[in-house]
């Protein structure tokens, strides 16, 4: 299976972090979702942390609204915040509710250090740099989940209990988010950098993407070891 | 006519800036909208600047998402960003389109100094302080337009050409925004300050509200003098 | 007299805003400092507002520390904050003290709208963009005062009462600040952009510089009309 | 030995995080500095990470300049940035240079996840909240090192090779920093909160301090395990 096409810039970033990208998208946690061997406790532990992650991810996309310089950038980023806060979290809320964990508990769950490191790194990438620095730190989560979702939808065993999770990210509307964000990033790079491959910013921006990808690896690893 | 009830904290802030509030809500520009004597050129000049204002107002509400500490705060603020970017600006876009001004022209219109001073003051109030500092700087616009809309809907002459503008802010859904934001502010104050009237922060927060109200007066004044 | 050389990037920005730069550096307020015809009340009004300006200018240079990506950038920016807070303000404090205005009064002086617009625009340029966006908004004040100081030191009449002001900005240590900041900006541009003249960011960054220069014109104008 | 007095607010915060505070100030890493049993490799690993920590700590104190509301707050915070960037890092630079590690290597050292989590948490505490939120996240490092330095200066064995480290934090000028920052925090609390013990913000602010203290524990732990 070929990787989905989420745009020119994303393709460049993904190849520039090849090893970390494989560690992330082929992590044991992901394979456990695919074949159903992931223990339920690990999944719930992950889901609680991922809810808190999404809270801060929505804050980081709000920072992207602040850093937008075109109407199109504002619309995509504001729409993403709304989607995160009012829609994407609902899978977490419903699944956790079924396990007896209510949303206020989710919202105030103590953050694992891997979670804290990742989300605050993304926020600070936006504070320190510009819109592109922030996008490079946001992209691994958005697009990686899209890529994982698609692959698992095609290769999952029939009896994995994690079909809802897989379906959420394989779904056409989530794939559309990846495509829209990818196209917006391409336009943003055209506008601010031009040819990224030959820009003096190339390495610094790649480092943002690679770092955020490595932090995704840490997040799955944290998921495997519920406390 | 009594002022509408947008919450306890707003009531306190409004009385603490009585003179500026009257200058703002009873400004000659407002009276001209009410009786239809406002020149069309002034209205269009205002509308173009107000569009740019809303761009930065949406950025400031995005900063409020970043500064939120509860799920409810995040939802109200994210919903407001979405409403601003995807809905409230549409009156501006339609009216300006009818006058031959397209949305890209609106987005990149040169900002009047009164506009710049106001929007960046609000942004910086959020950077310097906490969620309450930011709300005190955001409230005059949100609630003032609600109060003006309601009053003008009751007292306007039948032949004012500005009925659509008045109707937008007198409408039930805009009034609901004011009520929801006002209630959220009350809860935010309970959570962070307690009794605002006796808090050592009382004056500093009032100063934010009063300053933003005075900047609204400057904004109307700018509207009266199209360049 | 030739303009002083504060670096390659500054030279490009200065020529890109030729008209605004002349309006700023040859403003009637400046000529009044030079030949001594500026009324004392105007100078004091300006000095009080400039003190408040420097408070926010120090905050903007602190934002530059946050946005720095090299040790050298951090050192120059941190040193500038320290110089502003602990040294440059002292001329203001001493001159105002002699006129019976103490430092707490200066710190809490009500800001003129031209002052508010300028300082908060600079802060927000840093929030919205990267280190270069912020530098483009900071440069007109730093370098413009250097250029004005040098020119006035050579052409001032002997009996202007504003010799101390002129001397502050013509002095070798202030000129060194301009040279150091200019060299740091050149290196920062090499690192992030490469050839600025052909970069797609060229116009957007020029707009920051030109806007800040225009806001300097507004600041002098405000100084001429004490309330 | 009694704990040093770094102010009323710090005392309240310290007692509110009693367990974490002991884990931090009596950590095995600290005891190893005291009796000299800490392996050199662990110390150097820690020192490299601590250098990177100080880079971001200086950024966080710069954010404190931005969030200051009084002249005194600005002066203390700007002075701290200058002290960090131009002085405190010199112990690290000299010790590391003697071990063959130059400053550019220090500046660009890959950050351990414990380091990343801590520094970015502090930055974001300032973005999300106000000056007090930021101070509560900054205080454990500033004051904890002061308390550890003092205790170790009194109880260290004569032949620990870490006498320079201990001396740096036990020295009168570092103790003065702790006292000055503690007094500034007390004044900042008076100005913004009043009686912290009965404020509705009490718990949220304590949580900031306790979290940052727990992240200090993680930092020592990271130091013990060089990779």
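Just so it is clear, A, B, C and D label the chains in written order, and each chain counts residues from 1 on its own.
One rule holds for everything that comes next: a residue touches a chain if its C-beta (ideal position, glycine included) is under 8 Å from a C-beta of that chain, and two chains touch if they have at least 3 such contacts.
For clarity, every value in this text was computed on a predicted model and none was experimentally measured.
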Self-contact between copies chain B and chain C, residue sets same or different by half: same
Farthest-lying chain, centroid of Cα atoms versus that of chain C: A
Length of the line joining the C-alpha centres of chain B and chain C, rounded to whole Å: 32
Centroid distance [mean C-alpha coordinates] between chain D and chain B, Å: 42
Residue numbers of chain D (touch at least two other chains): 59, 66, 123, 127-128
Chain D residues within the chain B interface of the complex: 66-67, 69, 127-131, 133, 190-194, 199-201, 204
Residues of chain A that touch chain D when the two form their complex: 59, 113-114, 116-117, 120-121, 123-124, 127-128, 215, 218
Chain D contact footprint on chain C (complex, rising order): 55, 58-59, 62-63, 65-66, 68, 70-71, 74-75, 78-79, 81-82, 85-86, 103-104, 107, 123
